[in-house]
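Naming follows writing order (A, B, C, D and E), and every chain is counted from residue 1.
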Amino acid sequence: MFAFLHHYYPVFVQGTAQTILISFIGILIGIGLGLCFVSLRRSKYRLFQYIARLYIAIVRGTPSMIQVMLIYYGLSKMIDIPQIQFLGSGLDRLIPGSIALGINSGAYTAEIFRSGLISIPRGQTEAGLSLGLSNRTTLYGIVMPQAVRNVLPALGNEFITLIKESSVLFYIGVQEVTAQALGVGGTLYNFIPPLLVAAVIYFVLTQLMSLLVSLMEKRLGNAYLKVPE
Amino acid sequence: SSNKADNSVKTIQNKKTLVVGTAADYAPFEFPIVQNGQKKIVGYDLLLSKKIADNLGVKLKIVNTEFPSLISELQDKKIDLILAGMVSTPQRKKAVAFSKSYYTVKNVLLVNKKNQARYNTVASLKGHSVGAQQSTTQETITKSQLADANPVVESNLTSLTTELKQGKLAGVVVENAIADNYVKSYPHDYAIAKVKLTTPKSFRYINIAARKNDKALVKRVNTEITKLQKNGQLKELFKQAQALQAENK
Amino acid sequence: MTKHIIEVQHLKKHFGKNEVLKDISFTVKPSEKVVIIGPSGSGKSTLLRCLNRLEDDYDGRVIFYDQNICQAKTTDLRLIRQRMGMVFQQFNLFPNKTVLENITFAPIKLKVMTADQATQKAHELLKQVGLDDKAAAYPQSLSGGQQQRVAIARSLAMNPKVLLFDEPTSALDPEMVGDVLGVMQRLATNGMTMIIVTHEMMFAKKVADKVLFMDKGVVADEGTADYIFNQTSNPRTKEFLSKVMLSS
Amino acid sequence: MFAFLHHYYPVFVQGTAQTILISFIGILIGIGLGLCFVSLRRSKYRLFQYIARLYIAIVRGTPSMIQVMLIYYGLSKMIDIPQIQFLGSGLDRLIPGSIALGINSGAYTAEIFRSGLISIPRGQTEAGLSLGLSNRTTLYGIVMPQAVRNVLPALGNEFITLIKESSVLFYIGVQEVTAQALGVGGTLYNFIPPLLVAAVIYFVLTQLMSLLVSLMEKRLGNAYLKVPE
Amino acid sequence: MTKHIIEVQHLKKHFGKNEVLKDISFTVKPSEKVVIIGPSGSGKSTLLRCLNRLEDDYDGRVIFYDQNICQAKTTDLRLIRQRMGMVFQQFNLFPNKTVLENITFAPIKLKVMTADQATQKAHELLKQVGLDDKAAAYPQSLSGGQQQRVAIARSLAMNPKVLLFDEPTSALDPEMVGDVLGVMQRLATNGMTMIIVTHEMMFAKKVADKVLFMDKGVVADEGTADYIFNQTSNPRTKEFLSKVMLSS
């Protein structure tokens, strides 16, 4: 059943590289947008709060496939990206595609950051302020590091979701794993074996991502959470 | 319609590349294979594209995406030409300019080999699911000529034929070239049904699509097609594509 | 310098429609130990938090060394807070920092001391509270009593002029209470000015120069420890004390 | 821009009905599977735990589009469903499609139920047992009602996700909203307007779903969580 | 009937490598009030939980009315637990049930009474603990002290032969403690058999027939209240008591 792999594995390797690339860019943009919108959401100004809420509501309320297509068709009308080929797809698809993924992920990331900040007891802020520290130092020196540590698992889940969601980019012609599997299926006149291969690839990628996140959790100081005997 | 000078050929020659859009899940017209460890999209349309690019003296670049979105990509100037086994329907003619035809199709009903005897007539399909690719002439034909059947529309042809093999569909309406190829590749799985489907004239011709204003480009393309038709190379290219698929499946 | 470190004048504070502090006035002299007692919800914590403006938007005035805290600008406020340490019921140590880092973080960040000076000072303070061997430990690995002593050391690192305590022993196991009260007792003896909200009546009797009994947002009774615990005729004070003393 | 709606609105109405139908069935199946797998996960037997973990890991680690296609092709070999047409799609696609959605959702639902049970303090179980109640009565009479109340928001989010994920069924030929929008887009040679319409439809559906969940939250007793003055 | 309600014989319990109870033996007579004191982590809660098998897998025997709890089958165990009420530090009321439902839930479910009987009994008990007006309230709207009194009423609804208390007042504000201890005092006077883990030494002195001092998993000292609080020469007992008494 998987004899075709012998011949077609380079296609899957290329697709995997592409999936990793778009996921990586998407994650970076997602974190950036998340930080940006969590600030808006916590801002004193109603208008900013409102913008952030609207963005989050729209992203969470519509399928990512539709978002990706709308952003791609929308962006391609607005900006002109050179059609340089990279790993088998044009940059004019890769870039809007990754941006779309990032815009989608940003809404979830913003909510995760927000929950992280909420999770840190008010007492931590008060302890910082009562020592004479500024609001800024208290936020970035005391609250944030703890918040980031707390939300790492949730962030990890979001990254995993993003890796999986990246499969919708096949519809705008990005040659990632799903697109490659569908293409090979077209040549073989049979979909099932290449789709199984794609499923395994995603599974491995997402497992690696959770491994990575749990390593980071350890590095970011599991120590202080452990209660020694 | 505009009197402005048509720069379409010059633009392509200036950027030294012809960008052709296709949807590579349609063997033998276009499909991916691996050659020397590299993925490559090949097929009849690609061989022809190469000839056109050569004629223009430029490199060829292929953009592979979903069939239903090709025309919109053309209009967004993401691609210069569509070579995707695209039939020049009157409706599409409203949106794009078509070249001369480089292939003539007839539509047939591809069925599971087991059911070859079962589906002989249009009536025998009553109440059964028949597949067709979304936004294709086959979709229109299915819905008009097999009105008693249940149409199933998906964006990808292979997903339909996979379902056919699984017994989820009674038949799939496809072009005869594709159907022949399926039968040749998997004689135990697929067969062509005796059901009579008529392909109206406006649904018969496969052409290359270009933007409406790119008249000069269409002209150049037509010249090349005529040449290849005359010296018999067009048929050769098709056979070459069929052979390529046979050795890669 | 006035003879008062802190002067609270007609302090009023409400949360929504809930008037939590209704016209509170009192003064604190240098080296004075003021103990605030009173039933739950009477506004003791709110009062303490108003003193260093952890609560905002109140009426009245809080004067600290001639400065009106209520109107202090952000930068002034930060200087004021440095000179007014606060110890919380829940300790509020920074869990991601070691004991040493907890103590040195603020002095270093605020450039009050160099890193070396701060570390040296931290070790001194840890010795004072009997925890020099825990400098490298994380708060979570300490008992409640130990954490609270670190929190006191952290407050002292800024060389405050006055220390505010909000029920510093309420969250502790009974056997831990003694250690923390011991540290506080020593601070008191060494002349630190202190305002202490507590339910530890024995301790209050021992150290208080002045006791405020708060009830429903007002100072319902006020006087020396001897007066409050033995002489007062205020029925609310007596009822409260009888309840609290019965249990211990 | 939306003049086409004048002509095409019945297509969208049909698609919306279809989306609601498959989401509804998917949610029901998801809840059933979730309950089933949370029991396996908490079972004493290692093998059952292992099966539940594997199921959850696979579902969470692969894109739902691939899952849906593989489940659909797989299921169709196993069960035979009459090809009755319903709202423009055969039941033989609607049903396996909904089942696929349910299988996907079940993994998340199981985890939500598990977190709900964990969220109830051990003291509640102990209080029940110490009164002489059986394990069963304690679980179903005391812990479960509180757990369900606690996880309602998370369940609501999962239902919203399912509504959005149902868009992948277009790939197996179910004529739900996305499929209809893409079809109309292919006819108009312009995807943006119909996709915008689809996005609005999903947005309305998901907002309705969150409304429904918050009503249920109220009914399931917000009362006891409020602390009156 | 033996003269003992409960006999604990050579009870041992470990969590992993941590031996929490090391060979504990004692007896409880009808109407006896046994108070268990000792430092945090000494195993007091674990001991109490072993008595009604909320902790499992221990060595030794716990005999309750001639029945060996350690070997009781599930159905017997449930009958045993009905006759052995337990009151927890955290009250553990069911937050989604009203006060009345909290009390009537078990008797009705277990078919010990009809719904009417259970309701009537619940109202009686609520009167006993001074909360009859709160029957329709949800636990979250009550103070800690009120919640704990409801929890006691809930235990009493099953007509238990003995009540186990695990630090019933530790989670309470000081003014609430008195009410709960008052209810317990009345139960004691009325002849209820009780085993009480507590840090309220005044109360222990008043009600205990027997005091067990636990330390590191053993009963380190044992005797009448007078013996433990005034006469013992055990240095660990004395050290513990001095620490705990100092704070109150």
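Note that contacts are C-beta pairs under 8 Å (C-beta built on N, C-alpha and C of every residue); 3 or more make two chains touch, one makes a residue touch a chain.
Molecules present, by chain and UniProt name: A, D = Arginine ABC transporter, permease protein ArtQ; C, E = Arginine ABC transporter, ATP-binding protein ArtM.
The shown structure was predicted, so the numbers you read here are calculated from the model rather than taken from an experiment.
Participant: Starting from the defined contact criterion, work out which chains touch chain A and chain E both, please.
Facilitator: Common neighbours, chain A/chain E: C, D.
Participant: For chain E, which other chain has the most distant CA centre?
Facilitator: Max centre-to-centre separation from chain E belongs to B.
Participant: Report the chain whose CA-based centre is farthest from the CA-based centre of chain C.
Facilitator: Following the centroid criterion, the farthest chain would be B.
Participant: Roughly how far is chain B from chain C, going centre to centre by Cα mean, in whole Å?
Facilitator: 81
Participant: So the centre of each chain is just the mean of its C-alpha atoms; given that, what is the distance between chain C and chain D in Å?
Facilitator: Distance between chain centres, rounded to whole Å: 52 Å.
Participant: Give, as an integer number of Å, the spacing between the C-alpha centres of chain E and chain C.
Facilitator: 36
Participant: Could you tell me which residues belong to chain A and also touch two or more other chains?
Facilitator: Residues 73, 191-192 of chain A touch two or more partner chains.
Participant: Could you tell me which residues belong to chain B and also touch two or more other chains?
Facilitator: 69, 72, 156, 159, 162
Participant: Considering every pair of chains, which are in touch?
Facilitator: Final set of chain pairs in contact is A-B, A-C, A-D, B-D, C-E, D-E.
Participant: With touch defined as at the start, can you tell me which chain E residues reach chain D in the complex?
Facilitator: Chain E reaches chain D through residues 52, 54, 74, 78-82, 84-86, 88, 90, 92-97, 105-106, 109-110, 138-141, 151, 154-155, 158.
Participant: Along chain E, where are the residues that touch chain C in the complex?
Facilitator: Chain E reaches chain C through residues 39-40, 169, 173-175, 177-178, 181, 199-203, 240, 243-244, 246-248.
Participant: Chain A touches which residues of chain D in the complex?
Facilitator: For this pair, the touching residues of chain D are 57-58, 60-67, 69-70, 73, 160, 164-165, 167-168, 178, 181, 191-192, 195-196, 198-199, 202-203, 206-207.
Participant: Spell out the residues on chain D that touch chain B in their complex, using ranges where they run on.
Facilitator: So the residues of chain D in touch with chain B come to 69, 73, 76-77, 83, 85, 89-90, 92-93, 170-173, 175, 179, 182-183, 185-187, 189-191.
Participant: Which residues of chain B touch chain D once you look at their complex with the stated criterion?
Facilitator: 68-69, 71-72, 75, 91-92, 95, 127-129, 131, 134-135, 150, 152-156, 159-160, 162-163, 166-168
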